[in-house]
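Before any comments, here is the structure.
Going by the order they are written in, the chains are A, B, C, D, E, F and G; count residues from 1 in each one.
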């Protein structure tokens, strides 16, 4: 019974990871790649770790596995957010079939302050002009 | 005797601290030291005359067989008396000659050191301690030649002299040590009975050649003679004392001293004959072209030294006797001539022999001394010089081979030496006093008395040779193991061919003196041949050598780190491949290897690719990231091969390294220039060779059996004795805890270093304060 | 970096990582872990916090300069090695152990104090290095 | 086929292939961000490999390594993002400095 | 006070969980340890309520897992098939969430769901910029987030 | 597998050396890291490798009951890794400092101490 | 407690370093502590030396784990001597540093690192474990990196990059050698290895390992063609630092070579030949390098290289006499080179330069000081009967006895060039008329220093000069010591027995 469970879970996990890997390789732009991977992998890792927990059937192992999963859920999206954001600063282009970009022009060039779009005045440029 | 030697050193040291009291009038008191020593040695005359040898022995460094063994025999007595006697006069002379000089105290200190070293040299029976004093004479000579140290010429001459005598000293050391090894003792007196055994040794020639090197440099033999004319930059007392009377004779002394040990062999005799002959004639010839009093004297000194070498080379009974006598003779008249020169120089401010004349009118005592010395120099009876010359001709005429040739050479040399004596000792005093020299100050007592004493002594000994015959001359022969019973010094031997030769020498000398006038243009003429002179050749060689040194140094220390690395690795790879090629049987034991699995292969592949990527990428950051991947793959290997602790540490440290890189990198510019294709190919070859070598080495080692004693011990005792189950950790904190203690210290130091490197900003005022 | 997301996450990760680092430290004698890794993880916790909140905040958190940890840790390690020399005339670094192991941590001995010393030094070192760089960045 | 064998012969190869695919992206790039994400992904897949390996060799100890990987893997992502942002700033500042005179 | 106490308890549990040793002494030890750590790191932090959230929490977790699986399959399909059906873009999503924790959790949950990626939050915390793979209708997309994740999340947290 | 690991070690040494021979200071340090890792791997490999049996005594016994990996090389490598970390961080900072005072990371331009004799 | 005496010099330095770290910014406290601590360290080393001299080789098994399982510390006569010399040089440099190192540097942990460096040196001399030796080497190089870069000036950094890289490379090669050795013999304890290595059948591999050690230690001891880091860097740090570097750093490499090649790899003709060739070329390269330098400290740097050749030659000839010569030279060189670099520092304080061209007139201005300086100068040249002279006797005889005439020639050549170089230096720096250097603003010239500071600079020079005079005039005892050391080294069994008593 546990064997079957382990096999199923680990197979699912492995497949998700493989798909994520393929997706990561195939996706046309950076944002899409980030987008595709963070979660597929999270799911895959989770499944495989759970199968490890089932295999060892030991409280300390189980708690450790849960801790790992928790950590990954906690950190993976933060990482994705950071690198996605940094890519945007660097001017990494989106896929040319993208339908919209509502973030365009919202970042201040130097301070990296992000505008909500409600107030369209560019403080930074104003400051610059005042200085000159 | 040890005390006698040490007195000089002790007083020199004393002067270094209390010198200011001896800069003025009190300086004459220092002459009491050599005078006291002179008297001290005189008291042994009876012993020496009765063939008693005075010895004294003091253990010093028995491990090396180096002892302070002193031995006062005839030869040593002759030199000791010369050193202290002439020393007394020179010391006294100095106190007037350098009166008021700011560094008079230093000068005396050097002189004392020299005198003491010279005494040590002639008194040592141990060849190593002899060498020690030998070196000390070179050093004190260096300081004395460079005494006028603000003058660049003085400094250069001092360095040249030191370099030449330094070479000699080192050759001497080697020769002495080899000789000691052959003989099994460093005691010269103990070597004498072994002389045949030594001569039969395969290294006899080597030892002798090295010792010749020492003697020839010290005694200014051709082609090493050139330092001596340069050394005339020293104040006159120094020229008198070191560079004519005593130090330059140290080489002769050494040859003399070793004659019973090493002499009598063809190599010994022939070399000395040739070198002596060349030197004496070359130098004597050169006196013709000099106009500086000191220059002429320097060359005639070299010629005299050549004669001495020549005589020792002859090696016969008569020749050795002649040499012994000539040492004394030469010291007496040459010292006189130098002291005289000093007086002239001080009075007239010139030493140019073409200008000087008629000085008898203003410095009569000096003139007397000069003329006495010139007579002795020319060998005119009844001076002691006549005796000396007599003995020389006797020894050449009685020599078995080519007596005529050798005698001819001796005559020619002596003629020129006689000329030199006339030119220096007579010419300045006769004739008309040039205008402007009428008011030359009359020399003070301490200036004219010493040369007079020496000059007169030359006649006293000449007229009463018995004064020195028993006490000095005979014992010299005894001390070199010859029978002195045949020696009868006297002025008149009857009409013999030798007398004829003497007369010939004297008159030919006079002839040359009258026919040949030294002029500047003649000096300039000989200067043209300067580029063929040993001095010039050696100097050019030295310059060439320095250029080559510079080149060699720059080739290796070229400033490019990558070249340094390449050289080191090529050296390593070269050595290792040499060994591997020769000694190893290649055996790879595949059967002991573990199975290949796909995850390992993939990890490996990724690792290699990431390395390749890191190497070839143009982006610095990508290289860092690739390095990270590489680290993580290693981490996986540690997991695969049962090293969880390693995996954890490697992983965290890799992450931290990436962070560090990232914090540093963003300020840097892009990768700049790439090296050219050729460099890259070269580097690739070196790298592959290096890596390949490591791989082969690893495979070879893996084929060797394993010793597991230690790891088994750890495994068995980790829990039972050290209370831990993670054996790696137990090793780290217990079995090998000291490693870890040091290691955390390393970390702490690195952190302090980083802190200092980034936080410490020197202000510009602090910048150069090393 | 001015991002709420990272800042918030780091505030929660900091205590978790610190706890974890001590866990790793204490179990090192029985299972993988120990002072090194423990110290490294602890420092990573603070580094993360510094990335998210800026160095000033992290320094405020620490209350003293991390460099101070280095001599403290070294002293601890040194003393635990010296203890047997001073009190028992045994060789430097000889392990001294309490008779009975206590729960969670296991046997208490000089080796444990030594490992704690290592932990503190590693923490101090890493933080000093990284803080210094960030400050002069 | 036992669970261990299944994991060994089926799952580990799949994971290995995935790692290779991710690594291809690392090499291709083209942007630094892609590489950073790839690095992150490699570590995460590494966690799964370690987990499977721990089952295959019945060594739960290895899960501790996975734990550490899970905890600090994203730190390098944070660092790289920090770098990219900072470098971008530096670059812009330099451009600004150049434009001004 | 309450907040700190709760964190403390939470950390104690985490300690016990990761050590895997459930003796009483370990709880005490963990408690002390967390106390020390909290002391070291304490700076002001927002308050939150800790009761009445358990049922909502469970349903939320289930909802999230469902979303996760669904979206994963959607992306997986797109990855496996040769042609892309994506319509990606960056959408500006206005926020109701206010506190740091709310915003962060929301953003992370969005990122964890395949096909969407929270890029950044505006400095005045009013807007979340989301990169999404499938934007057939922008408004619908925004509403999905606001009615789905955000609403449920805020119910739990407030 | 040992065969491949031996090659791997060689590759690390070779690549490390190659990087050290470049002109960029950063590459130099990456090279140092690589070669350092190579040395660690060499210790590991030559201490003989064992799969799946960490040198940790099982909870239930006082000594090892089955085979285990040699713990000594592991301890040595751990020490070496940590020491290298100290050196590496120092070196990385050196790059920073060097760039600040010498204004380049080109090693070819850092030879004044050798040039001025 | 006296049972543990062997480790006290070591533990004391560690304690000093830690306490000095606590006293971080209090530089006056640090000055006092460092000097007093160095005195105590010297006393402890002296006690150890005495004990070894009287009772023979001492050992301690750290952690109480008997050899070859734990880490063994061994003080045979060689180690005890070197520890003593380290403490002597350490005391001198400590005092010199407290006067000459500027407060800015002192505020950044100078003294702590300095004592860490001494710790590393003492540890390296005392350890009996090859990996532990590696660890001590690391502490030495990292502290020397820090000392060499402290202040981070351009020249310092450029020098440091080379110093760092090449020393790191040396460490890696050393580590590689350890890896191979462990793979072959399965042990790290040197006494144990001395027993195990001769039993290894594949001699080729043993020889390769030996070569790895040779190159690794060769880089550290700066022999040809591995010395490049030294001339590139030694003239860049403050003089006090250069003094301790010049005196001790390369010597620890030499020590390691001596230890390894008398204990582990003996009777290898090829290696001995390599040593001979290396020694000859080192003597040659170092000497001619010194000849062309224009900076006083660079001259000394090349002379360091040159004189390492003497020691390597002694090792290569591998007779008791030759090794005794090498050891004697080692003892002499540590004292004299330390002193010379301090002297160059003193001259720098007086004149504000170390460039030979811009120096001059010292003899006129500071006659007594000049007189003092002549002693180390002459000792270096080997003017008999000063310290540098005696070992040459052993070396020359040994090279004659083993028919290594090239070595004989090289020894003479190097001695001669040393003489010429030093004479040139003396003539330029002391004799030549003073060159008018522009007075530096804010530069603390020697004559402006307080008397205490002056004494702190002068006394160490006097102290070391005294020591070198003792080595020269008391050459008998030093030679007996060297012969005893050489005897111990030639008979490795006594080392093995001391570490692992046959039970």
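Assume contacts are C-beta pairs under 8 Å (C-beta built on N, C-alpha and C of every residue); 3 or more make two chains touch, one makes a residue touch a chain.
If you're wondering where the values come from, they're calculated on a predicted model, not measured in any experiment.
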item: Common touching chains of chain F and chain D; value: B, C
item: Chain at maximum distance from chain C, centres defined as averaged CA atoms; value: B
item: Reference chain D; chain at largest CA-centroid distance; value: B
item: Identifier of the chain whose CA centre is least distant from the whole-structure CA centre; value: G
item: Between chain B and chain C, centroid-to-centroid distance (C-alpha), Å; value: 62
item: Whole-Å gap between the CA centroids of chain A and chain E; value: 13
item: Between chain A and chain C, centroid-to-centroid distance (C-alpha), Å; value: 31
item: For chain E paired with chain F, centre-to-centre distance based on mean C-alpha positions, whole Å; value: 40
item: Overlap residues in chain G, where contacts from two or more other chains coincide; value: 14, 17, 21, 62-63, 131, 135, 138, 142, 145-146, 149, 152-153, 161-162, 165, 169, 176, 180, 183, 188, 231-232, 292
item: Chain E residues counted as touching two or more neighbouring chains; value: 14, 18-19, 21, 107-108, 118, 120-121, 123, 125
item: Residues of chain C whose C-beta touches two or more other chains; value: 1-3, 5-6, 9, 16, 20, 24, 30-33, 36-37, 41, 44, 47, 67, 70-71, 74, 78, 92-93, 95, 122, 125, 129, 132-133, 136-137
item: Chains grouped in pairs wherever the two touch, ordered by label; value: A-C, A-D, A-E, B-C, B-D, B-F, B-G, C-D, C-E, C-F, C-G, D-F, F-G
item: Touching residues (chain side chain E, partner chain C) in the complex; value: 7, 11, 14-15, 18-19, 21, 23, 25-26, 29-30, 33-34, 37-38, 40-41, 43, 45, 100-101, 103-104, 107-108, 118, 120-121, 123, 125
item: Of all residues in chain F, those that touch chain G in their complex; value: 20, 25, 28, 32, 35-36, 38-39, 42-43, 45-48, 72-73, 76, 79-80, 83, 86-87, 90-91, 94, 97-98, 101-102, 107, 110-114, 116-117
item: Residues on chain D engaged by chain C in the complex (per definition of touch); value: 61, 64-65, 67-68, 71-72, 75, 78-79, 81-82, 85-86
item: Residues of chain A that touch chain C when the two form their complex; value: 71, 74-75, 78, 81-82, 85, 112-113
item: Contact set on chain B toward chain C in their complex; value: 644-645, 647-649, 652-653, 655-656, 659-660, 663-664, 667, 722-726, 728-730, 732-734, 737-738, 740-741, 744-745, 747-748, 750-752, 754-755, 758-759
